[in-house]
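One chain, chain A, links the two complexes that follow: it is found with chain B in the first and with chain C in the second.
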Partner chain A sequence: MTVSWTIDESTITDLARGAAVLGTGGGGDPYIGALLATQALREHGPVTVVSPDEVPDDALALTVAMMGAPTVMVEKLPNLDEVIAPVTALAASLGRPVTHIACAEVGGVNSTIPVAAAAALGLPLLDADGMGRAFPELQMVLPTLYGITASPLAFADEKGNTGVLRTIDNTWTERIARVAAVEMGCSIMIAGFPMTGAQAREALVPHTLSASVRIGQGILAARRENEDPVTRVAELLGGRELFSGKVVDVERATTTGFARGRARIDGADGSLTLLFQNEHLLAELDGRVLVTTPDLIMVLEHESGEPITTEGLRYGQRVRVLAAPSDERWHSPEALAMVGPGYFGYDTASHRFDGREEGAR
Partner chain B sequence: MTVSWTIDESTITDLARGAAVLGTGGGGDPYIGALLATQALREHGPVTVVSPDEVPDDALALTVAMMGAPTVMVEKLPNLDEVIAPVTALAASLGRPVTHIACAEVGGVNSTIPVAAAAALGLPLLDADGMGRAFPELQMVLPTLYGITASPLAFADEKGNTGVLRTIDNTWTERIARVAAVEMGCSIMIAGFPMTGAQAREALVPHTLSASVRIGQGILAARRENEDPVTRVAELLGGRELFSGKVVDVERATTTGFARGRARIDGADGSLTLLFQNEHLLAELDGRVLVTTPDLIMVLEHESGEPITTEGLRYGQRVRVLAAPSDERWHSPEALAMVGPGYFGYDTASHRFDGREEGAR
Partner chain C sequence: MHIGIDVGGTNTDAVLMDGTAVLAGVKQSTTPDVTSGIVSAIEELRRGHPFEGAQVTAVMIGTTHFINALVQARRLAPTAALRLGLPATRALPPLIDWPQPLREAIRARSYLAHGGYEFDGRPISPLDPEELKRHAVDMAANGVRSVAISSVFSPVNHDLEVEAAAIVAGELGPDVAISLSHEIGRIGLLERENATIINAALRELASEIVDGLTSAVRSHGIDAPIFLSQNDGTLMDEDYVRLYPVATFASGPTNSMRGAAVTSGLETCAVVDVGGTTADIGLLVNGFPRETTTEVTVAGIRTNFRMPDVLSIGIGGGSLVDTATNEVGPESVGYRLTSDALVFGGSTLTATDIAVAAGRADIGDADLVRHLDRAMVGAVLDRIAERISEAVDRMRTSAAPIPVVAVGGGSILLPDELPIFGAVHRPENYAVANAIGASIAQVGGEIDKIYAVEPGRRDAILDEVRQEAVDKAIAAGAKPRSVSIVDFDEVPIPYLPGNATRIRAKAVGDLDMGQ
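Moving on to the complex of A and B:
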């Protein structure tokens, strides 16, 4: 692992594609994410990415992200002013200069918006994120489990409205920012979780940006080499293919700022149901739960290995569903109370991914 | 008019009662408001009230108010920490010390909460407010018409959550603060509309606190003197009695943070319908509109002249309904677009109060 590398226009598509895989259906559309980051890199030059090991203890890192329903963001592309506005507002409120930008989650948009912010602000980006995947709510990051507060947290919309919240816990940050996001058009930019370098090193999931680039590059390399991109992704993730089939039903509603729903995929091995809330949270084969959140459930296009977000799922798509283990820290009892299936209202215990191949049902 | 006077425990009940009259049914319950202000005055001593004429041009005045549904506040009494939290947050965000506290509106709670804030912060209070009455939305103040921005605006709840908004206009301040208020339990404290002394002098309605005290004292004096308190109030307001009767029907719902509804009062002269949204906005006699917002419509208890808030209206109450003219500036076309009956969804032109006695229908 090199300790520092750069993201430029040539890397951004790989990053966005790989991050969309790790985003488990959420984290936003990689095409939209790449557009914005590319524009920023063109205007401001490449972004230096540093490993959390290399960050000074007294650094001031912030996470930057889009909050809202990805379904809306497709129609309301953020601009660079909107992306840097919450960082500027938060730095003013903290009264200290920000030294590093970090990703709150991995995803097609939420791994590339921090690139755009870092480029526009001339700041280095951490090769790390708060989840090692994507989750639908703001407090659902490992830093919460380390007692790092989301607040002060700043938010901004494309019209020029901003706010800075100081809350008693990360769930209240989520609640207030979420209703603001819905009122402001279902898509806002946020900056928060101010962390020292020492905290970032302890609490973030390291090297997820470089992993995303490797996955994105791996998909393209496999296509070039006439190998199977989906198998390549499974290898890179230490995961395996759960199911292969055709999307026969998608139910989706954007409620309270989230894209919630379910998809049914029929294949030779039966019928797989995916339940999602921005991200895929539960995979069920003919009524039997296979894998649940916090482990990773990903949908890739059958041949090309292209990641498909939950908002991109369509009737008739031929897809393959992968599962892979999450960061081990997500399996602690405290973490499961925050991101396990029960939290999302699914009446099942957490089902961990295991690497063993299952027979047909 | 004395240029400066003090509010102490002996004045606060008069102030709250008189402000509840001018609050036209809104602005909160005077009993609750008096409780909180009395506690603050006991702990911190009396508050100096200064006429807007006496405020230095370079003063920094903020309005302090409760935002939310008064129906909820009855059950969730704010504490002093919650009242001063938004002022402290806003002063920190502005980077300048606040020199004066002002009232955004007149009302049983929203004239006494600024007293509590001024007492706890050791600051003088302006003898003025932003409306000369109460209105349900934050942007509905004369300062908006003078181009004074509500933002930066700070808000706080009783749990310790705070936020500071910077918005592109006062309607966006209202929208974002309102959804935050609803999420935070339908009642929060806000501080905003930072103004210089010169701006306060121009944009506020002067001497409404002293007028409230005079009305409160007038009601008690009339009772002592065996005169009619309602007639006394009408004289003090330059208004007149519209109707007298018994409340026979009240419909009320707390929706999106407001107490909306209608009341029917039957009397010898027919049947009067009052339409309200926190405040009384329209009075209709047997289907004929008598008076509408922005002029003042007030409901007083028949004998005692005690003001009755919209949330205090009950079946069987014997009441008298007064009307009085608002500040003349509320009748400009720009003002009517903001607070006229059309804005509130009532399909009628603005009906101004006039002093002539009407015959029976």
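Moving on to the complex of A and C:
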């Protein structure tokens, strides 16, 4: 895809729904982010989305995201000012104007906040993101593998406080920014991972926003045409349906800040266990590992195809579990050290899911 | 003895109760003028079982007045929404996602002011009394008669809402009603604020309705206190209704479920209410309906009320039968059942015809369905039982067995034994189950807040929260010795430091009727 397109108010719902599918159970309720993006588009007009192939080599792109607790964001609602502020602060610190906005991940608020930022700043948005899915930590993006660091990273709160961090590595960025986030009220906006157009083209996962919109539209279209939305999503993702059944058990514990847990789903083909930490990370069928992070594991409502977040899993839900291959690059040894099952504390080797046996990609 | 009345959209049910025994029960059509409907319902009860006004110790009423007023956008007061939280939240002001017709119906005014708290109780910014006075002056100039005040993180600390209310009231005088968000909703600013604005818009109507209901009851020489049913089935007194009319919103389905439970003698059960078009399935836990955990949209407005979690599926007495697939519904002949169904001489095959053909019910003329294929009849009923079982199974929260209670005219479609669940309970008096549900004399208190649980303090904090809920129930009129905690929930919040935990406790006790 090399043609630019636009996001307007009417695209936001599709984008948010599709991003929630690719968000693999993480990212939280996209309502507030979608509302903020809608407000921004209403005030500032539509956002142009450009494919990474079209971006000039000397462009300056930044990722924009929310950092903190989603629970805080539904109470202390975000402003457009604090979405713009870190971008402006970082541009000033770099001494160059920012030319493009990018998403760090797809899923939840972090695919709609960048839309709000791009609208309010009048900048084009890249049709790409740093993960091609969602992960819980700042450094878990493909640019990290290309030596692109989060630093310098700017952050801002609603009071007008801003800061720019220059750190020695991403772990320090994460540590310092978390502390600042808590002090600033646990819901801040960040801009970072400054990269040139050439770097963005190389390091980001391309065309994930257009894919999100297509998935969101596909779910609605399938419902309208009395076809199966879940099958439609699997086709669009180049993945396949792993399992269909009923949620019979959900265990959760919030330890070390993340919502860890497991869910058991019983169906005609046996019993599927999903292990999650904000996102779904492992799927096992009767003790046999089927799919592991970084490949995508998605839970959709049986009939409507509506994505279900890990927080939304409940006993009794009829669900279908899809798997799709992640971006190739997540399977390199360095990438697996960062986002493989071992990093999340699971004693399982990464199990490569190959969706291509069933569908074309 | 006491009286329970349920005013629904179609029917007004009333029962005269002595403890848990039904002395008389009547069912009437709801009148457009609801007061006269209640007057005649009490007259009917008297005919069924004569009593003196002085013998009645309490009157409990469940009503759909308030939710209907909102849905129809009628009789709503000109309302202002004032939010404390600047400089935060400005991009998404109050009423942002409201349907335009409702905004117009309440002549909505939206104001932002400084104030509010962070998640841990630190202030976002101090209150600015001059700013609040300016807003109040503008409200007065625009004819505002009711004000909703919300503040960021008021479930953590509500002091600023109370302070701001005093300042605004000082400008607007005692005739303008003020509703505070921390008394109405929980975490989730927009949803809590929306519920508060709805409440504010209903405050004038609440006074009118309470006055009307009171005079209807008093006209029978009954001086007993009057209570209204809340969403969870507990009662509130008339003063409370004047302040919090929004708390009555979902009392209809709640009273139906609670009535079904009490008539069947079960405290924890699944209730299947089969009507003409749908079967509504809900779950009672310790006598109270399980509530939804997600946002609920009412009249197009997103809120976080606690509503009973009800699953509706398209199976009812009037459902059409497809003989090719042996499936029923979702299409239904509805109120035309008595003219269109085969047993009434019509030409449409309905679920009721199937039940009559199988000998499960004696309705209309059984001869008119004798020709139906036995295998088809059996297959259709099996499929209905299977789908109802599936729906009940979806509603329960664990694999533990749970009894099933069937009520409603369409419950003849259900077998005596359901797959998975076994015997189906069919209580007597289910025709007036709603009124019996309303008459259950219990009051409650609920706490739902975020606490920073310091290491070693967990048990102490949980005890404090439980005690606070118990105190609230007693303040609402519960006999102190009857109060117990019926619901308790502790959920750690991801990504927040300091063991931030959302704790919810609900205490319920028997209403002190002064006997």
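Here, the second predicted complex is superposed on the first by the 323 of 361 C-alpha atoms of A that agree within 3 Å, B and C clash if a C-alpha of one lies under 4 Å from a C-alpha of the other, contacts with A are read in each partner's own complex, and residues count from 1 in each chain.
Operating definition for what follows: a contact is a pair of C-beta atoms (placed from the backbone, for glycine too) under 8 Å apart; a residue touches a chain by one contact, two chains touch by 3 or more.
These numbers were taken from a predicted model, which means no experiment stands behind them.
Peer 1: Once the shared chain is lined up, is A:Val248 touching chain B (first), chain C (second), both, or neither of them?
Peer 2: second
Peer 1: Does chain B (first) or chain C (second) touch A:Lys76, or do both, or does neither?
Peer 2: A:Lys76 contacts chain C only, not chain B.
Peer 1: In the overlaid three-chain picture, which partner chain does A:Ala89 touch, first (chain B) or second (chain C), both, or neither?
Peer 2: first
Peer 1: Scan A:Gln39 for contacts with chain B and chain C and give back first, second, both or neither.
Peer 2: Only chain C; A:Gln39 stays clear of chain B.
Peer 1: Could you say whether A:Gly160 touches chain B, chain C, both of them, or neither, answering first, second, both or neither?
Peer 2: A:Gly160 sits against chain B and chain C alike.
Peer 1: With the two complexes superposed on chain A, say which partner A:Gln317 touches: chain B (first), chain C (second), both, or neither.
Peer 2: After superposing on A, A:Gln317 lies in contact with chain C but is clear of chain B.
Peer 1: Taking the superposition as given, does A:Trp172 touch the first partner, chain B, the second, chain C, both, or neither?
Peer 2: In the superposed model, A:Trp172 contacts chain B only, not chain C.
Peer 1: Looking at chain A, does chain C or chain B touch more of its residues?
Peer 2: Between chain B and chain C, the winner on chain A residue contacts is C.
Peer 1: Determine, under the contact definition given at the top, whether A:Gly185 touches first (chain B), second (chain C), both, or neither.
Peer 2: second
Peer 1: In the superposed view, which residues of chain A touch chain B and also chain C?
Peer 2: 159-160, 182
Peer 1: In their shared complex, at which residues does chain C touch chain A?
Peer 2: Answer in residue numbers: 85, 87-92, 96-97, 116, 118-119, 122, 124-125, 152-153, 187-190, 293-295, 302, 393-399, 492-497.
Peer 1: Which stretch or stretches of chain B touch chain A in the complex?
Peer 2: 89, 93, 159-168, 172, 175-176, 178-180, 182-184
Peer 1: Which part of chain A faces chain C closely enough to touch in the complex?
Peer 2: Per the stated touch rule, the residues are 31-32, 35-36, 39-40, 68-72, 74-81, 158-160, 182, 185-186, 246, 248, 253-254, 257-259, 278, 312, 314-318.
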